[in-house]
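The next block holds one structure in the form of structure tokens; read it before the comments.
Which chain is which? They are A, B, C and D, in the order written, and residues in each are numbered from 1.
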Amino acid sequence: MTHRIAILGASGYTGAELVRLIATHPGMHIVALSADRKAGMAMAEVFPFLRHLDLPRLQKIDEIDFANVDLCFCALPHATTQEVVAKLPRNLKIVDLSADFRLRDPGEYEKWYGQPHTAVDLQAEAVYGLTEFYRDEIRSARLVAGTGCNAATGQFALRPLIAAACIDLDDILIDLKAGVSGAGRSLKEMLLHAELSGGTHTYSAGGKHRHLGEFDQEFSRIAGRPVRVQFTPHLLPMNRGILATVYVKGDAKIVHQVLEKAYESEPFLQVLPFGSLPSTRDIAGSNFCHLGVIGDRVPGRAVVVAVLDNLTKGSSGQAIQNANLMLGLDETTGLMLAPIFP
Amino acid sequence: MTHRIAILGASGYTGAELVRLIATHPGMHIVALSADRKAGMAMAEVFPFLRHLDLPRLQKIDEIDFANVDLCFCALPHATTQEVVAKLPRNLKIVDLSADFRLRDPGEYEKWYGQPHTAVDLQAEAVYGLTEFYRDEIRSARLVAGTGCNAATGQFALRPLIAAACIDLDDILIDLKAGVSGAGRSLKEMLLHAELSGGTHTYSAGGKHRHLGEFDQEFSRIAGRPVRVQFTPHLLPMNRGILATVYVKGDAKIVHQVLEKAYESEPFLQVLPFGSLPSTRDIAGSNFCHLGVIGDRVPGRAVVVAVLDNLTKGSSGQAIQNANLMLGLDETTGLMLAPIFP
Amino acid sequence: MTHRIAILGASGYTGAELVRLIATHPGMHIVALSADRKAGMAMAEVFPFLRHLDLPRLQKIDEIDFANVDLCFCALPHATTQEVVAKLPRNLKIVDLSADFRLRDPGEYEKWYGQPHTAVDLQAEAVYGLTEFYRDEIRSARLVAGTGCNAATGQFALRPLIAAACIDLDDILIDLKAGVSGAGRSLKEMLLHAELSGGTHTYSAGGKHRHLGEFDQEFSRIAGRPVRVQFTPHLLPMNRGILATVYVKGDAKIVHQVLEKAYESEPFLQVLPFGSLPSTRDIAGSNFCHLGVIGDRVPGRAVVVAVLDNLTKGSSGQAIQNANLMLGLDETTGLMLAPIFP
Amino acid sequence: MTHRIAILGASGYTGAELVRLIATHPGMHIVALSADRKAGMAMAEVFPFLRHLDLPRLQKIDEIDFANVDLCFCALPHATTQEVVAKLPRNLKIVDLSADFRLRDPGEYEKWYGQPHTAVDLQAEAVYGLTEFYRDEIRSARLVAGTGCNAATGQFALRPLIAAACIDLDDILIDLKAGVSGAGRSLKEMLLHAELSGGTHTYSAGGKHRHLGEFDQEFSRIAGRPVRVQFTPHLLPMNRGILATVYVKGDAKIVHQVLEKAYESEPFLQVLPFGSLPSTRDIAGSNFCHLGVIGDRVPGRAVVVAVLDNLTKGSSGQAIQNANLMLGLDETTGLMLAPIFP
């Protein structure tokens, strides 16, 4: 028996990635797909790469009969999500891929997203979806809030180090390089091939990127006191992948040992041998995160590099990993696809 | 029970693609990997994207105990393959990805590959591996010769049309655009990122490309008389994918009907509605081939466009499809992975 | 003394390319730039790559004092151009980069552009701007209509062959590969980096591309009877450059001789030795067009390959070449910039 | 009268870039080109993008008559350069683009390049070629040592700040993103299109990159005490361009003011308004360097971003800028070419 899945917001990249992964998932099948402006269209019209699949037509959300749905993925834009989720049946399991339920504190939400939260009770109920660190809560959660893709990358590099208190908490710097699919299928001049290919630039630099809200919440919680990292994202001329170069003050060998120990049983988090650093080309299309550590020539400083695919481990793959737990399936079900290279 | 697989030449792109696909194949497991110059290395050193897999170390071919192998994929360079295969146990099932056994006529082999064939008996024994057209022979074959990736693309567009005699056999033109991974992991100036990205050019133009040998053999066999197509390949700044624009003289609607009819039961060959043409972005990483037909404004002329991934449907995916048949498995086993997009 | 230049529609790629080229042109200086929706902005805000230049602010067209302008480039969208040009002073020299004045026959204009022409007298007055073939008319023209970038590429390959009657006029096929900047800075999903990079597909296939109007007009005029070519454009994951693979029936050596002879004194048209074919990487950012010819293995058939940069020789460079003639300057002034590679 | 120029090592990317720039330089003409392994070939065979130029054939170095040369550019590999330069006439003006004469201290040279220097007297004579900071010495120099491209980028961001003592010298971090042409036209697996496009990774991380020798030498000299920065380079899927994200501890507004003041008269160094950060797409193919400054949310920390084209401002453009000074020409001669975009 496979579980019945609905995907709201199936016309964006994370929605399509969910369909791609569920296509070979033995424990899930798709019973409903929504896309308000494209309701009535076949998925193959919106995403021809999915034409070999037998999929339901796109619907409006209120046309979906949720009585026949076991779990619903929400891949809707930020802010609209909270209204939609508030109207869904209270017994429906939900994995949300938007930013709406990531921050527990309504004040922080308003600070980073520029408007008050309209579903504060749901915000309190939601479990933060970084699977490797919230497994137990996720297993019994009704509503799981998928993390930001950049936020996930930085946390995989830093959480064990902060927990082990082996680095200086006041001097953490994340220089992040992100592929363009993280920005979604939106029509922005900056995202045109002619503008982006062959160039790179920062965005939301200087402490303005919203994923800082997640870093602040999570790192401060682990440390038991406020932690404020520096974070500069860059947009790169590639489609998939995030590489976070994380600069810390601490002993590099110890940093490596802490990460190796923390992730030794994790199926998706691979720590490379000391001194080896990973490449985004090696995780594309997969749910794996590769991490590496090297010491700097300046004594007492270390560099941690983490890579993952923003659409898979950074959003839709993570979402399925969480859904697996919520449905009582093995956490890795359907997610052991090898990366694609070249 | 899963079948025991060896891969010879595992350090190239087609070898790595075989490993990628077998990683989630329920009926195969890898027991041996060879790479002469890299013998002794772990596969993860040669291809870090495969580091999550538990794979045997690379060996020299003569270190492999073929008594424990059910089927062997050969992904070795052209010309060396025939010597290697000649020394393998006579009862071993072999799927060869090189060009060595594609041409039945030793004279044609020598003409296109510039040297006499050294294993003429094997050449005669080999079955041409274009699965959809040689299923029965492949099922009972011991040695299957995988097709050229360009040759496969052109044949999917043309074979049914030639068989149906609905086009002019003396005026067939294949203008082909190919991604760079088809050239392999070889160190050539032309294949450097700085040389290729942002540019395009022809190669082996004017009737010099070796895959013409396959076109000639197959098309002439179907037609019952010599057929000599025009074929101009172009190298494109992309990694995976082939797009063949095939110009024929014939009625476009009939051409479309013939293709639709020919492929209506094929799991991997998808014919688009009349007037729609496919894109390589929609088949990357998958075993699917999309085909489209449109009429030209010049009456009596049609354009057929076929796309596939050169590393998957064009070589390693095709090889597994053939191996599935040879091992008595369902032909699609392990191959229904959705394309990856974006 | 340098000539005073205005550019209407300076916020698009061809407008920016005009500014780039004029920046080091010794006989021109820019006195006015228009961009209706961005009026009031500095050019450096719209195109930061031009920030080192001292340029006038963007204005609305009706704010420009054309009494102080010697020559005006119009880089406005199709259809709006004819209205704008009709209102400009009758004594102003104009080089138009839109499609509005390329077709002499109002019926052909309406057929290809879907609406009646509103400035038929100007349409009759305009000289077709393919410099190498209309030099004398351009020198004395008031209004020159720049050609389509694809149309220019195909014509450089074919005009001398049609004039020399050395090929079959009823079997000409242009398979064209174009970079994405030809589509302009418009926000279309198809032009996003995530959609286009790593893939290729046809567009306006089957005889629907508007540049066919130019091919029909020009080739028929040269031949003295109707000529209808086949033309299939493809979009490639690169920014600049067009490669046209032109298939003709004729003797390849003669074809090569005819082209070599026709272009022997041309500064921008470079015919490669027989058998050599050009690459788009070798003309990027320049006003050069490289041409090559090879014979096919099918006797009596030849392949001509022409490459140029769509933004330079295909539009803005061509426009300046024409303006040079109209202003009595040497035709190559400011245009001998070497291509940029890699 | 134009100056007679020789280029040694003309078959690499920096050699070709020198030819590209000199092609439109009014004060220089090329009289000799060397490339040992390709001696006898025409430059158009090695670099078809230069085929429109009338250039001398490639020669071996000892075939060149240096009596007819006013200035010689050396674009030879590291280590071989010192032997070649030692044999050149003592009165010949030389701009070297290799690393051989960048470090004044023979011990530092040996430390970073792994072998003793064989021309220590020339090493002492050479002037460090960062034009904006060594103008007077360069003007009267016989031998100028071009800087590393990464080293130039970092220094443009940092030199004025160190000189002004407005940042913490013990906590400077350079996270650098570099295009692939900086690695030259060498055949390395890592530089293949299939390996690099669509991915990013670090190289020479952890304090191993040789350009650190230049940073150490120059920053320590300015500060009057040892300065040891952190430096992590990343390779990006683009051909031209370097973006250095430089993290400093200091007041961002003051940092911006210091840079603005330092570069207010510099023709090639453009400081953006406070809070604006530059993109590599805006300097490709040009001799410009764009710099921007933003404050971090963590008080007392600033981010400086500098971009330049590694082949132009980072090597060959810089070399010509230096040569202009050495030849008594205006420093900007031939170098005011606008960047190419898109």
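Everything that follows uses one rule, which is that a residue touches a chain if its C-beta (ideal position, glycine included) is under 8 Å from a C-beta of that chain, and two chains touch if they have at least 3 such contacts.
Please read these numbers as outputs of a predicted model, since none were measured by experiment.
Undergrad: Does B-D or B-C have more contacting C-beta pairs?
TA: If we tally the C-beta pairs in contact for B-D and B-C, the bigger total goes to B-C.
Undergrad: Subunit A to subunit B: how many Å between their CA centres?
TA: 36
Undergrad: Provide the C-alpha centroid distance between subunit B and subunit D, rounded to the nearest whole angstrom.
TA: Measuring from centre to centre gives 45 Å for this pair.
Undergrad: Let me have the rounded angstrom distance from the C-alpha centre of subunit B over to the C-alpha centre of subunit C, please.
TA: Distance between chain centres: 39 Å.
Undergrad: Two or more other chains touching the same residue: where does that happen in subunit B?
TA: 13, 181, 194-198, 237-240, 278-279, 281-282, 284, 342
Undergrad: So that we know how the chains sit together, what is the shape of their touch graph: line, ring, star, complete or other?
TA: Graph shape here is complete: every pair of chains touches.
Undergrad: Touching residues of subunit B toward subunit C in the complex: what are they?
TA: Touching subunit C: residues 171, 173, 175, 177, 194-202, 205-208, 212, 228, 230, 232, 234, 236-241, 243, 245, 247, 275, 277-282, 284, 294-298, 301, 303, 305, 342 of subunit B.
Undergrad: So in the complex, the part of subunit C that touches subunit A is made up of which residues?
TA: It comes out as residues 13, 180-181, 185, 187-189, 191-198, 237-239.
Undergrad: Any idea which subunit D residues touch subunit C in the complex?
TA: Its residues touching subunit C are 13, 16, 19-20, 23-24, 47-53, 181, 197-198, 239-240, 267, 270, 272, 278-279, 281-286, 288, 290, 336-342.
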